[in-house]
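Taking it in order: structure first as structure tokens, then the write-up.
The letters A, B, C and D name the chains in turn, as written, and every chain counts its residues from 1.
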Amino acid sequence: MDLRAYLSVSKRRKAVEENIGVDLSNIGKYSISEELASSKNCENMIGTIQVPLGIAGPLKVQFCNAESKFKVQSCYIPLATTEGALVASVARGCKAITLSGGATVVSQKIGITRAPVFVVENILDGKKFVDWVYANMSQLKKIVESSSSHLHLLAVKPTSMGRNVYLRFRFDSEDAMGMNMATIAVTKVAEFIKGKIQVRCVAVSGNMCVDKKPNFLNFITGRGYSVSAEALIPQKIVNSVLKTNISDIVEVGQRKLMYGSLLSGSIGANAHFANILAATFISTGQDVAHVGECCVGITTVETLKGNLYVSVYLPDLVVGTVGGGTALETQKEALSIMGIVGGNSGRNARKLAEIIGGAILAGEVSLLASLAEGSLASAHQKLGRGAK
Amino acid sequence: MDLRAYLSVSKRRKAVEENIGVDLSNIGKYSISEELASSKNCENMIGTIQVPLGIAGPLKVQFCNAESKFKVQSCYIPLATTEGALVASVARGCKAITLSGGATVVSQKIGITRAPVFVVENILDGKKFVDWVYANMSQLKKIVESSSSHLHLLAVKPTSMGRNVYLRFRFDSEDAMGMNMATIAVTKVAEFIKGKIQVRCVAVSGNMCVDKKPNFLNFITGRGYSVSAEALIPQKIVNSVLKTNISDIVEVGQRKLMYGSLLSGSIGANAHFANILAATFISTGQDVAHVGECCVGITTVETLKGNLYVSVYLPDLVVGTVGGGTALETQKEALSIMGIVGGNSGRNARKLAEIIGGAILAGEVSLLASLAEGSLASAHQKLGRGAK
Amino acid sequence: MDLRAYLSVSKRRKAVEENIGVDLSNIGKYSISEELASSKNCENMIGTIQVPLGIAGPLKVQFCNAESKFKVQSCYIPLATTEGALVASVARGCKAITLSGGATVVSQKIGITRAPVFVVENILDGKKFVDWVYANMSQLKKIVESSSSHLHLLAVKPTSMGRNVYLRFRFDSEDAMGMNMATIAVTKVAEFIKGKIQVRCVAVSGNMCVDKKPNFLNFITGRGYSVSAEALIPQKIVNSVLKTNISDIVEVGQRKLMYGSLLSGSIGANAHFANILAATFISTGQDVAHVGECCVGITTVETLKGNLYVSVYLPDLVVGTVGGGTALETQKEALSIMGIVGGNSGRNARKLAEIIGGAILAGEVSLLASLAEGSLASAHQKLGRGAK
Amino acid sequence: MDLRAYLSVSKRRKAVEENIGVDLSNIGKYSISEELASSKNCENMIGTIQVPLGIAGPLKVQFCNAESKFKVQSCYIPLATTEGALVASVARGCKAITLSGGATVVSQKIGITRAPVFVVENILDGKKFVDWVYANMSQLKKIVESSSSHLHLLAVKPTSMGRNVYLRFRFDSEDAMGMNMATIAVTKVAEFIKGKIQVRCVAVSGNMCVDKKPNFLNFITGRGYSVSAEALIPQKIVNSVLKTNISDIVEVGQRKLMYGSLLSGSIGANAHFANILAATFISTGQDVAHVGECCVGITTVETLKGNLYVSVYLPDLVVGTVGGGTALETQKEALSIMGIVGGNSGRNARKLAEIIGGAILAGEVSLLASLAEGSLASAHQKLGRGAK
């Protein structure tokens, strides 16, 4: 069966059904544009997978960047998941935070990165190459920016080791996640370099980007957006909504998040960033493989003047509201719930990052409380197994 | 808007549409069982997200466990993704490998893990507690196995630090991924311990499990399945199918995978395990957040007797064919393409892990070749941007 | 100047003096046995470096292994260092701990490790090789133990990846650190394997040992001895001896040790294990390069019933009281201060590990207090710069 | 026995001898200045430890910084060690490299760092604090530089997480290692900040410095000096001096350094940087605890035009030629062998870093060759055990 031989989604699906002897009728029922999806998002398309979409919120968020003017807003969070209890858990966290006055979210644009690796004859040639790059930066910037009107070169960071030189390009890609634009731009730059000074690019991605792999470089120096969120939850809301008390949550924070993460050699220390990332990434058409690098932040928990203070720190949050799967109908509708469909001079992507930061804060608050209370198993039994 | 107040998916969706002022009509078009999804997989459900499903293959795989009797089989791989070029890339890798005689895959069951953290008075009490655990192992095993007929205790590994004791329970959960079963069982064990010797469990998960966070503990000691896959690709297939040559791929392997991953402080060294994991996890109803921990293996590339030898190593692959989202109609149909729907004494989950291992090998072969050829940008431009 | 041509230490030193035009008269003044040092410890010997030796203590320690019968003992700690303030700092920690009733120390023998790497044709051959190793374990044990009467094979842990198989041998080497004995034994085993089944050893050390490099494998699974030490210090001693208060020390523990170590991607989380390790390793003739792997543990600080609870966790402490530099006169005298000269069925090496654990606890207590008080700079100014 | 009560080294030593019942006569025989050592380097001094000093070389080095004008020079390397075979091994590496035309060494001053941690009320206050720091940078620079004429502020890198703000100060400390100067300067800065804007410094070191702990922050962003060294060794010298062949060394490089280091979760990938660091740090009066952070670089090995190309990369090399133990007589004599005693506008410390880089290259070449040849065990048997 040559899958590429079939010219339509339905013919290809039919061929799979007949060839393998299976019924793919639900995969065949979809409403998103087949033309769009099969030409831009997915080769050899045979239909779609339907992922249940739940909604959590409202989550009161104070957005603290200059453009948002510290506006406070109620947000709803679309979560596509098959893991019972997840939406309920985030929803509970949203409730506790909102009743406490809301989450404060701060973000910083780091930018998308791409780091080609070049090979030189020896370390002195590597030094000369790096010097040349610095001397020709404005030219490289021109080449980058000629490749797309939405891509802006922010910086280039070189690393030389032996005969290898890595140039980590960092870009502002406005509302796009920007990985493809970055790859195209860097390819042009590599061609220019080869033409000018005969330095050969071994691979346009040299694993110093770092794209879709958990790593300390992104964790320490950032990628995409660096997002922080926090909430201050009074004792009585900890009791009434979270069904536990501050000191128990703080102890979980210490013995699980801090000691447990250090002992297990984790990058960062959190409870379940990955859950909220996966669910929001699927719902909003992000590249879900980015969960691998984005899930590495830190959650802090402490008592502050009799209240529970909780913060989350996400140094590597790679998202966009244009490109990738964001134009698919269901994904676009999910983005519309947050009011951030399409491009908006970078504001929409930033807001998506910030809302995800707030949602992750809600998720951490709720799971830590559940662990402190000792109710994790029963919640999963009730919700994940369909008991009423 | 109190989302929990709405008793049906459609009423809740309608409320969201009216309250926020958006149109969620595509989210409202789905064919999967609302009753199942809303009761077991997703609270506050308002519909589904449709993720394009492509198919790659055939991939010839030799399954090398005792039960499979080293059977060779042609596999098709369902990939749910919005990232243009991914399916085409995996498909190309499948072609190169299959023409070369196929992939060999070996797996080892490590088992799902859950590690509660207990607090003791001091390190001597910690030592006594650990001694007690060893002395009462058969009793603990009984408690675990009374919680589910599909859960079998394989081992308990204690770690004591200061006043903290972590017990990392490792289970065989047959065809289920098993995280929820493990949590329930460990909760019972913790209750038993408290009743018997008054040692308090601070949290049923002490971040030594480690669930859904990238970490060196799982990478080094394994979790779920440890899977290895390899292929030996002759020079002429490297030229004709992969459009490049062996030495260029080997150089990319060295300067990108090895040096780049070491310099960036990555866990392991690979090109894009996360892409294939995300796409197969979505298509088959896995818990997609597991991408965060599962994407940490190593790819090796070398010349062997004039051929290209490529291997992938995945020490932490957490999957199942029952539970989670595996029963949803589209996900079940995707599983049916691989012939592994439902429970089968652990054989189906193992086979899923092994097929994913093979698919990841195909993905690595193709991306490394693309980087060696210098065609990554153009492939993405052509496929990801809809050019004819 | 061919340094090997000179047949005595003094002639070689003289040659260096004349050839380079320097005066090495202090290097030439030493009392240790030239014959011993130049034949066993140091090739091309030209003299010695004199490292100032200070002494801290008494430190009251409860040794909690079966053999020591939980004996409490006052220990003095010999510290060879050129870093002003270090001895004073450890001494202050000893005083605070001893006045509080002493340190409790628990240790576990993990054993010295050596992990050769073998190359096989493919992963199936790797699997067969590992099966063969398990099947022939008693034979391998015999070979190991025929190489030295002081070396006992505890376990072999295989790791297969692609065409590579690592066998991590773990040994009890009694009172010797044991690295050389282990290398010799593993070399014999590798020769046996080659003779029997033609599997080639690429390197007798495959960096999975791991010797003298900071790594998560040793941190997580241990090497040498795993040592824990703790103390409970009442508020009034924190005030009078440590010149600060419990809550400030606990805050330093949190914001420095926990958050700072996580943010910087450290292996473990401590203040200055390396200082005490370096000073005790030099004084007692250890292989000082082991500081690189041994300095990776965790310090915990918490309030417990109104007292300050502090613990240290050292999963990778590699020491010995025979072999290496332990027989040199000054080093032997330093060991004699602790009453652990030479071999004693493993008891002396264990006790050295335990005393170092206690000394590290003292060092952590004192430095954390100094940071909490804000006196680090002034202490260094006073002691490190010679002010009266 | 109150050790502080004794007013002279000899009285204190005598007290220890009598109190414990031991003979410390060799510890009591030393030639270094007791007054200097006991007032600046070591409290409670009772004598010295004598560490055998060997010498390796000549090593031909091309120093490639602007000041050295690419001068080529023959260097001798003083190695203080008790590990038999180490000096011989480095010496062999020096010979192979020198016969091949010498090592090329490139270095970059990163600077010594100190990172205090401050606590703020919330993340918005943290943002304001960081803004204030940037706005007041010239004032902070003035405070730093008023604390010492040898300390120059290069940069401040802030990291905010939750209520915590870390300011990583990076300094040029000329020929001093500089840690104490940096601590004093940062203490003054923290006092100024407290006086000006009431932001409280929790600890003058917040473990983001990172001093003396292995970590990815220093590995990735550097500390002290970043040093690279390389050599190109012809086949015939590999055969004649290193007793093996290029392909075997390259295979060891791959299966041990690359795969083994990745599998063990090492920071970087090398054979034994720590050995040469420990030996040169002891001989030249460095703070030996820095071995813990400095030993984390990468060694690369490849075939280049029929030759063996080897490089080492040390991103975190913290050394000085003034301060610490550098003024002690034996240490100063060791520095004189390299012609770098005392201060010289930063040139001496840089040269020390570069020579150590070259010595580490020699050590790697020799050990990798020894592993490739299979002679590691026999070398240690012959040299480490005193056989003629």
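Here, a contact is a pair of C-beta atoms (placed from the backbone, for glycine too) under 8 Å apart; a residue touches a chain by one contact, two chains touch by 3 or more.
None of the values given here were measured: they were computed from a predicted structure.
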{"item": "Numbering shared by both copies at the subunit C-subunit B contact, with half separating same from different", "value": "same"}
{"item": "Centroid comparison with subunit C (C-alpha atoms), farthest chain", "value": "A"}
{"item": "Separation of mean Cα positions, subunit C and subunit B [Å, integer]", "value": "38"}
{"item": "Where subunit C and subunit D are represented by their mean Cα positions, the distance between them in whole Å", "value": "18"}
{"item": "Touching two or more other chains - residues of subunit C", "value": "161-162, 164, 216-217, 219-220, 259, 261, 263-265, 267-269, 298, 300, 302"}
{"item": "Subunit A contact footprint on subunit D (complex, rising order)", "value": "64, 104, 106, 122-124, 127, 160-164, 216-217, 219-221, 228-230, 232, 265, 298, 300, 302, 304, 309, 311, 313"}
{"item": "Residue ranges of subunit D in contact with subunit B within the complex", "value": "216, 219-220, 254, 258-259, 261-265, 267-269, 298, 300, 302"}
